[in-house]
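Labels run A, B and C following the written order; every chain starts at residue 1.
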Amino acid sequence: MSSLAASFQGVHYKYPDAQQHSLAGVTLELPEGAFVLVVGPSGSGKSTLLRVLNGLVPNFYGGVFGGVARVCGRDPVALGPRGMSDVVGFVFQDPEAQFVVDSVEDELAFGMEMRAWPQALMATRVQEVSELLGITELLGRRVSSLSGGQRQRVAIAAALALRPKVLVLDEPTSQLDPAAADELFDALLALNKEHGLTVILSEHRLERVAQYADIVWAVRGPGQPVEAGEPRAVFRTSPLAPPVAMLGRALGWEPVPLTVEEARAQARPELLEAKKDGRRPPAPGPVRLAALGISYSYGERKALRDVSVELHAGEIVAVQGHNGAGKTTLLKCMLGLLRPQAGHVLLDGKKVHDLPLPEVIRKVGYVPQNPNSILFQETVLAELQFTRRSHGLKEIDYTAFLSRFGLAGYAESYPRDLSQGERQRVALAAILVAEPEVLLLDEPTLGLDYAQKKELIGFLRELRAQGVAILMATHDVELVASCADRTIILSQGQVVDEGPPGAVMLRHERYASQIARLFGDGLRLTVEDVLESTGRC
Amino acid sequence: MHPLAHCLWVLAVAAIALSTRNPVYLGVVLFAVWLTYRAALKAATSSAWGSIVRLGLWIWAITIPFNAITAHVGRYELFRLPPQLPLVGGPITLEGILFGFLNGLALVLLLAAFAAFNMMVDQAQLLRLLPPAFYHAGMISSIAVTFIPVTASTFAEIKQAQTLRGHRFRGMRDLLPIMAPLLAGALERSIQLSEAMESRGYGSSVQPLSRRAELALQVLALLSLLGLTLGLFLRAYGQTSRLLGQLLAFASTAALLAVIWAQGRRVRRTHYRRWHWTGQSLVLAGCAALSLATTLSAPLWGPDALHYYPYPPGSLRPSLAWPVLLTIIPLFAPAILLRLQAGHDSGEAKTHE
Amino acid sequence: MLNTAILLAASLLGLASLFYPFALPNAPQGLPTPAAHSADAPLVFIALVVLCLAAVAANLASRQMNSKVIAVLGVLTGMNAVLRAIPGPGGFSAIFLLPILCGHAYGATFGFLLGSLSLLVSALIGAGVGPWLPYQMLCAGWVGMVAGWLPRPRHPKMELALLALWGAVSGLAFGAIMNLWFWPFISPPAQHHIYWEPGLGLLDGLRRYALFYALTSLWWDAMRAAGNVLLIALFGRPLLQALRRFQRRFHFALA
């Protein structure tokens, strides 16, 4: 760690047509071989900061740039992304939008072809990087046949083919499930520790990576200074921190813990005073939607086997499980889109498959994983009107409705100009404007940052209080910990466990939140729970 | 097998189909194509020969009546249409029907040859064989091929989400809630994609030229295109300047090819994927080249080498010229090579047992 | 400027080679048998069309094709190939909607490339490569190119009407021109001398072709034309808005 991998001196940047600076007076130094974690809310300038490293900012976007940036002794602003491509590798958020060729092998060779490397050398490098990322068995595959996690590994391998010294990753796991994200982190750690690669990673899942970072860059907001330091120092004050660090801060632990183990070492007195359940058990309303022993197969493959789920008014039920465990199939069966081969689904006591679809979706709202698949109108207001009209409903006071979602000022905005979190809210509003009594959500927190997630949770609780029955398929254990009344674990199409999240988290460490693992009493699952039980809230 | 060898073969078959109406030649070549198709089928999964036959019947249903009712010449008159009918009226002859059939046969041969070609070659791979001058077009096409599965799945996803939102698809007008997010999503993706491309060094492959050199290339391209057009025009309509037109056309074509070559020279990139010219590929390519060369030089073998003309003064009986064997027999090469390969593979499988 | 001129010249050459069958009746004049020379004519037409496309594609190397343009073209070409695969009523498919709208919003060259490469790509993935492909590419390219040259009236309704009109015209013209690739088969040059009279070659050829066209493909082409009009009328405005908004936001242009 002798020389510098990157240094910024008073870097300023403003996007074209922007009112304010995205970066202002950023001064940073980064030793070679470090593992850097970049944290900050969405829209804070995190992505902009990362894009300065290889010259995408300002070369790709235009705008006004000031200050001095050096990466591996080169000037990214003068050389641009092309000139930096052999020292800085870059991996992007969307695993579906960074491939140029449809075969994995050719994708890995793309950058080398562009630099006119000899064929023999390319063959060696393709072999090397695919071994490094453990993707040798994927080489002959088509990109379209890969899972999201596999795609991101291929993207990393492709970025490493030119042997860069620095690897930059912009929220590479935001579209992945936790298992795939964990594998990706392991691969990155190995590259960093064993091969000395400098890794700069922006990430929302702090609980998983915080402990491995040498340095954290905390971006507070657009135009604000970037704080850099050791993880423990930064997480002492940063508004974004892993749950255990938040807890440690609230309880005044020194130093701030980054892992469950560290927290456990400091938390003995707390652990002893196990309190009774702070959560009120939900007063179950009538059953709204129920699956009774349903099975579904796609040809030979059994996606669901004898699954039963009951959803009451005024409760939030989570469905968890690996990718391919049957979560999506279950949701589709519950909506009447797929007809189970055995068993049936009842909506208010009537068989869903005997009801016409319009009647089902009048009562059952479905929010897709990707808000972009429903947003198409010119304004947010028009999106709401479109849903009301599709259902044949009368117009309502949209302004008041939008303000419930914190979207009051956005009625006339183009939905696709908004941030991911805002789009998610618009999509939610566009479904809820039809006033469904049952709500089905598919991965509602995908791509949301901490604050946006918190808002969503608050909103779901409010809906629950109004008596809406909510079923959500999710990978997000923190979401389940903070608002689910019950959770169902699916594995290979079967229900393997069901119950209140606390009890389920005790039995399945994989699906347990950091705080649940720390206390292990099945009662305290989130920082809020702990603070409530100690009376500090 | 090198895909270029297959390209050369399909070109050779197309050249014959486009050059002759001799029923014997067309028939034998179609037989060669059919054998090739059958041999290639073993490797691939689906069969489309039935659809070629169906398409062929359609083609004949058009070509035979059309030729019969427009060509009223021949020794063997079958019946007459009232002569008052414009164009259509007059005698319907056996020759007219026969020639219509042969027109269709040539077309069927073309379709069958490309069907066999499609079975033997992974066409997306053909993009990688594009000459360097077409670097940009190749890159665009490659991206498109990569994005087709993504777009198709996004399409299905959007349709489902909008249905569940209460939207009903009853007619074309209800497609906007799919089309609009599909387009907006595609545009958003393209920005991410271009960032990814730049980050991996895209764009460093085309060498910049001086303003003057670039201008010279473009002016030359423009002039040769205009020259070629003028040459063709003179060749077709000029009374005395037909030779001049021919010369102008040749010179312009040469200039245009030179421009394309020069543009290609600027592209500095290498190819990861290489196909090797194996013995078999060389044999196939050699056969195809021989056939193609013989077809193109047919006028040298005598004016009637490939020619077939059933109307008077010609005869219904097709003439046969021995050099034409050189164009036909080599076209059996892929069928034989594929059989040999299949025999070799099954022999190997047996020794493994 | 020069680039537009090259596109125009290539189109002129393409047009000339497409209509070459009509010009041929004059050719055999000096030869003993008509067929000896004209036998290879279809080959020549196809070669010429390929040359046109090659000239346009090679000329791209000398413009500023940046990664944004390449990526937008690539992604939209993929989308268009998907749209083509979705069957509509009467064998109609939505392949011309995007080339017309994008050609109008982003310029003639963009429209040309989107049109012709969509055909190439959908042939490649659908195993549809054949001698008809160069013709299809050229014609679909023109559909997008001309849309780029249409005037841009202030009033959005006028603009839409203009594009819809072009959709109808191009739907019919595409079929008429596309049939030319196998027209020489149906009515080979060898036969023309039967009817040939000095000075009537072109006219007679056209008359025969009109008959052939009316017999074989007018119905299909009318469906296509009507489909284009309908699509543009229904989706033209919002999709154009999305395209222009994107262009403003990302400052992208094809010189």
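One rule holds for everything that comes next: a contact is a pair of C-beta atoms (placed from the backbone, for glycine too) under 8 Å apart; a residue touches a chain by one contact, two chains touch by 3 or more.
In this text the structure is predicted, and so the values were computed from the model without any measurement.
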Arrangement of touching chains [line / ring / star / complete / other]: complete
Chain pair showing more contacts of the two, A-B and B-C: B-C
Inter-chain centre distance, chain A versus chain C - centres from mean C-alpha coordinates, in Å: 45
Rounded Å distance, chain A centre to chain B centre (Cα mean): 48
Distance from the mean Cα position of chain C to that of chain B, given in whole angstrom: 17
Shared-contact residues (touching 2 or more other chains) in chain B: 124, 139, 142-143, 145-146, 150, 176, 180, 184, 189, 193-194, 197-198, 202-203
Chain A, residues touching no fewer than two other chains: 376
Per-residue overlap in chain C, given as positions that touch at least 2 other chains: 238
Residues of chain A that touch chain B when the two form their complex: 51, 54, 56, 59-60, 80-83, 85-86, 88-90, 92-94, 96-102, 105-106, 109-119, 122-123, 126, 142-144, 155, 158-159, 162, 335, 337, 357-358, 361-362, 366, 368, 370, 372-377, 386-387, 390-391, 416, 430-431, 434
Chain C-facing residues of chain A, complex: 16, 62, 376, 378, 414
Touch list for chain C against partner chain B, complex: 2-3, 5-6, 9-10, 12-13, 16-17, 20, 23-24, 26-27, 30, 32-33, 35-37, 39-40, 42-43, 46, 48, 51-52, 54-55, 57-62, 65-68, 70-79, 81-82, 85, 88, 98, 113, 117-118, 120-121, 123-125, 127-131, 182, 185-188, 190-191, 194, 207-208, 211-212, 215-216, 230-231, 234-235, 238-239, 242-243, 246, 250
Partner chain A, residues of chain C touching it in the complex: 238, 241, 245, 251
Complex contact set, residues of chain B against chain C: 14-15, 18-21, 62-63, 66-67, 70-71, 73, 87, 99, 103-104, 106-107, 110-111, 114-115, 117-118, 123-124, 126-127, 133-137, 139-148, 150-152, 155, 172-173, 175-176, 179-180, 182-184, 186-187, 189-191, 193-194, 197-198, 202-203, 206, 209, 214-215, 217-219, 221-222, 225-226, 228-229, 232-233, 235-237, 242, 253, 256, 259-260, 263-264, 266-267, 296, 298-299, 303-304, 306-307, 309, 311
